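Please find the structures below.
Look for subunit A in each of the two complexes below; its partner is subunit B in the first and subunit C in the second.
Here is the complex of A and B:
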């Protein structure tokens, strides 16, 4: 076979693969938007759910999901920045570098249900917190740590060493170098990672269903150790009532709300990435 | 009697001048790689002390040992003595930030921070002392003038420093270093990434700056050494082959290797 033919066959295969992937995505999103928009309204967004979700809206589910992700963000962001800065500026030893890499990648590979079980055993049972949105936030925070750490670490690591040396040679202390040169970059990279992590966290069911959420009868939590309801667990419970057409309709509506929230995070992350790829050191 | 007094004064003055930076038996290794071998030399005050030698000979390593910017290199092994104003630099608990304020450094390729021109000049000094707006303005003007950059940038101080040409960026780096008020300027091939016109601007600048500062310059460029050096140090494969005043080394070097290097640019060490 001559090279030209090979090339064009290969090109076609790649195109086909891309078309299948994009086709599935477009199909899913179209169905979701079509079904979803039929069942949502302003009322749906601001009223509480009734009759196990088959009637009413998803107000407290939205509140719960936002609360969980916000909590995860507040906990994981500073931890990740600290870890990323420590890893890039203080860990000189090669073995320790490999060790931290291994930890991050293993953490990233753990299935989300394991985080759920971990939270159940450690917090709910051992520390006796009960089902709590705060614990859910902590678990989601741990789950997205690798994403935020890596994204922040990569942006710190891409600062050429000459910037550190120039700053040091002007008599800055190591801490001043971190504050003025490293930290701004760590924040901007970490924030992109945070948005990506949150896009994942807000859609997760498994880590929170045993430890943070209740399926019905939940309003605003009165304290840290109270359950909330959330969009993904709400969708799960509606799907279990799939024989009831009202429940199914509300499941589509809730799914659309969830996917719009996910998109808002991913698209902001994408836009930030575009902006920062222009701004080079 | 009077002449004796004068001689004594001269001696003590000379001593301070000649031993402003005094290096003895300096050995530097990276792991098992022995880079600098038993270097002993003195750099002189208010002179352009120029280090020349072939690539890989250890010139940068020597320079980077003087302000200990290589301190964080974990496989660095450094032995011997570097005295600055009769104080040992190579002690373990040396205050490195204080040392680096006194011994500034300009690197091979300019490295400006992604900030405005003005903020770049203030970058070091701002971290050392609290400055009023008026003080900032005068520091910016004074040091940009000292680095011969003021006329070119005075109307655009708030623009990004990245918008400057490479030659201008290098002078901005010099201004930034001068703003910290060092006594010594270490310059590692500061013109090697620059065009001839910017190079000349910086050479003129160095000639002017030596009245106030002591300059230790590394250069690859023998004709540059010939133009601006006062003292010349020839380092090859980690050893100091010969040092002395430029005129002596160029007209009458003691070592054959020095002659070969200075006149043919090749090295037979």
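Here is the complex of A and C:
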């Protein structure tokens, strides 16, 4: 076969693949927004769900999801900052560096359902907390640790060494250097990572479905160790009754609400990243 | 005062690091302990076909088969599609559109898996059942197709990064030698980017193995290896869908619960090994 023909066949293949990929993208976005906006209303957002979710709205599901993600954010943020600072400022040993890398990447690779099982065994059964949103928040916090750690570590790592040396030569102690030079960057990088992590955490179903949520009849929790209902698990229970058109319609509405929450987190992370990528030392 | 602050600060960063490391180790230990019962009682019989908790039979072969076949279908579709699309974005698409395109794809990667599951139930299972004239559209093939869409963004963005990072001079020299774009791409660019692209595919593989919600909703959840074994139009079961369906029903402390933990532990080992290989033997990609 001559080269010219091969070249044009290859070109066609590439265009075809790109069209398929764009087609999938357009299909997903249109379906989610079209179906979603058809079944969403103000009333849907502020009323509670009735009849196993096939009627009514998603008010308590939104509250539950927000509670879970807030809890995850509050737990994982300080932990990740500490880890990132330790890794970049204190660890000099190459093997220890590799070890911390392995830990972060392993944590990142653990399938989400495994987190759910871990929480079920350790907290719900062993510590006997029962199904609780607080436990769900802890598990989600563990799940997003790697994202926040890496993002904050990268922004600390981009600070030139001369900054640290200058600060030390002014007579600051190591912790004062960290507090004044390292910390501001660590927080700003970590916050971008936190937004990305929360975008993932708010949509996760598998880790929380056994340990943090009940499917129906749940309102505002009265204490730490009470179940909530959340958007993803609500969609799951509606998807399992997909033969009922009312349930399916509410599932599209809940999906749109969830998607908008996810996108608001991830888009603000993109914007922050874009702003800080212009930052030069 | 500052010396005091110094040690407090050090204490904070050290303890948060060791706490995080301890968490990872505890996850492994807890899963191992609670699956130990099954490993010691069932032993090698875990690699048999029949799963029947009431008769204390815990064979996981059909779930391993399901996981492997679903992943195989997903990669079979997503690999060529993803790499070709990456070539399109990096080599054909004008530079000014590149960022928009990539951001759109990254947003796609952020759609929660339960929503993919919903779309699969509402559209894909119906399409598959009417296309192949099946009684139910919840088959291994449907789950595989959906999974391929879910891992596509990972393959596209990472392979595109790899291609885009190759300096322009390689393309110019290749063009100067009179090669067609096709030859430039296959003979120059792809070999350079090969390691990174393999890394991207391994990362996608890890995700596909561990994906739960969408697969659970679409695979049909029947513990059986279809006959013949390449008949992907039959319902099946993956490790993750088994866990998602049954762990809530099994009593804590029972052999059933322990057996479920055992397959979870196997999955964990496989995925972690893959992740570590990806991160250390191929170029480190800082993106998550």
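Please note the rule applied: the second predicted complex is superposed on the first by the 259 of 281 C-alpha atoms of A that agree within 3 Å, B and C clash if a C-alpha of one lies under 4 Å from a C-alpha of the other, contacts with A are read in each partner's own complex, and residues count from 1 in each chain.
Keep this in mind: contacts are C-beta pairs under 8 Å (C-beta built on N, C-alpha and C of every residue); 3 or more make two chains touch, one makes a residue touch a chain.
Remember, predicted model here, so these are calculated numbers, not experimental data.
**Student:** A:163 in the overlay: touching subunit B, subunit C, both, or neither? Say first, second, both or neither.
**Tutor:** After superposing on A, A:163 lies in contact with subunit B but is clear of subunit C.
**Student:** Figure out whether A:276 sits in contact with subunit B (first) or subunit C (second), or with both, or with neither.
**Tutor:** neither
**Student:** Regarding the shared-chain residue A:173, is it in contact with subunit B (first), subunit C (second), both, or neither?
**Tutor:** Touch status of A:173: both partners.
**Student:** Just subunit B (first), just subunit C (second), both, or neither: which does A:24 touch?
**Tutor:** second
**Student:** Once chain A of both complexes is superposed, is A:181 in touch with subunit B (first), subunit C (second), both, or neither?
**Tutor:** After superposing on A, A:181 lies in contact with subunit B but is clear of subunit C.
**Student:** Look at A:92 in the shared chain and tell me whether it touches subunit B only, subunit C only, both, or neither; answer first, second, both or neither.
**Tutor:** first
**Student:** Using the superposition on chain A described above, determine whether A:215 touches subunit B (first), subunit C (second), both, or neither.
**Tutor:** neither
**Student:** If you count the residues of subunit A that each partner touches, which comes out higher, subunit B or subunit C?
**Tutor:** Of subunit B and subunit C, the partner in contact with more residues of subunit A is C.
**Student:** If I apply the document's touch criterion, which positions on subunit A are contacted by subunit B in one structure and by subunit C in the other?
**Tutor:** 173, 176
**Student:** Quick check: in the complex, which residue numbers of subunit A touch subunit C?
**Tutor:** 3-4, 6-7, 10-11, 13-18, 20-21, 24-25, 28, 31-32, 78-83, 85-87, 89-90, 100-103, 105-118, 120-122, 125, 142, 145-147, 149-150, 154, 173-176, 178-179, 196, 199-200, 202-206, 209-210, 232, 235-236, 238-240, 242, 248, 251-252, 255, 258-259, 262-263, 266-267, 270
**Student:** In the complex of these two chains, what residues of subunit A are touching subunit B?
**Tutor:** Against subunit B, subunit A makes touches at 92-93, 160, 162-163, 165-173, 176, 180-181, 279, 281.
**Student:** Subunit A touches which residues of subunit C in the complex?
**Tutor:** Subunit C reaches subunit A through residues 2-3, 5-6, 8-10, 12-17, 19-21, 23-24, 26-27, 30-31, 34, 80-82, 84-85, 87-89, 92, 103-108, 110-115, 117-119, 121-123, 149, 152, 156, 180-183, 185-186, 206, 209-213, 217, 240, 243-244, 247-248, 252-253, 260-261, 264, 267-268, 271-272, 274-276, 279-280, 286, 288.
**Student:** Please output the residues of subunit B touching subunit A within their complex, sorted ascending.
**Tutor:** Subunit B reaches subunit A through residues 67, 69, 72, 74, 97-98, 100-101, 104-105, 107, 109, 111, 113-114, 123-124, 127-128, 173, 176-177, 180.
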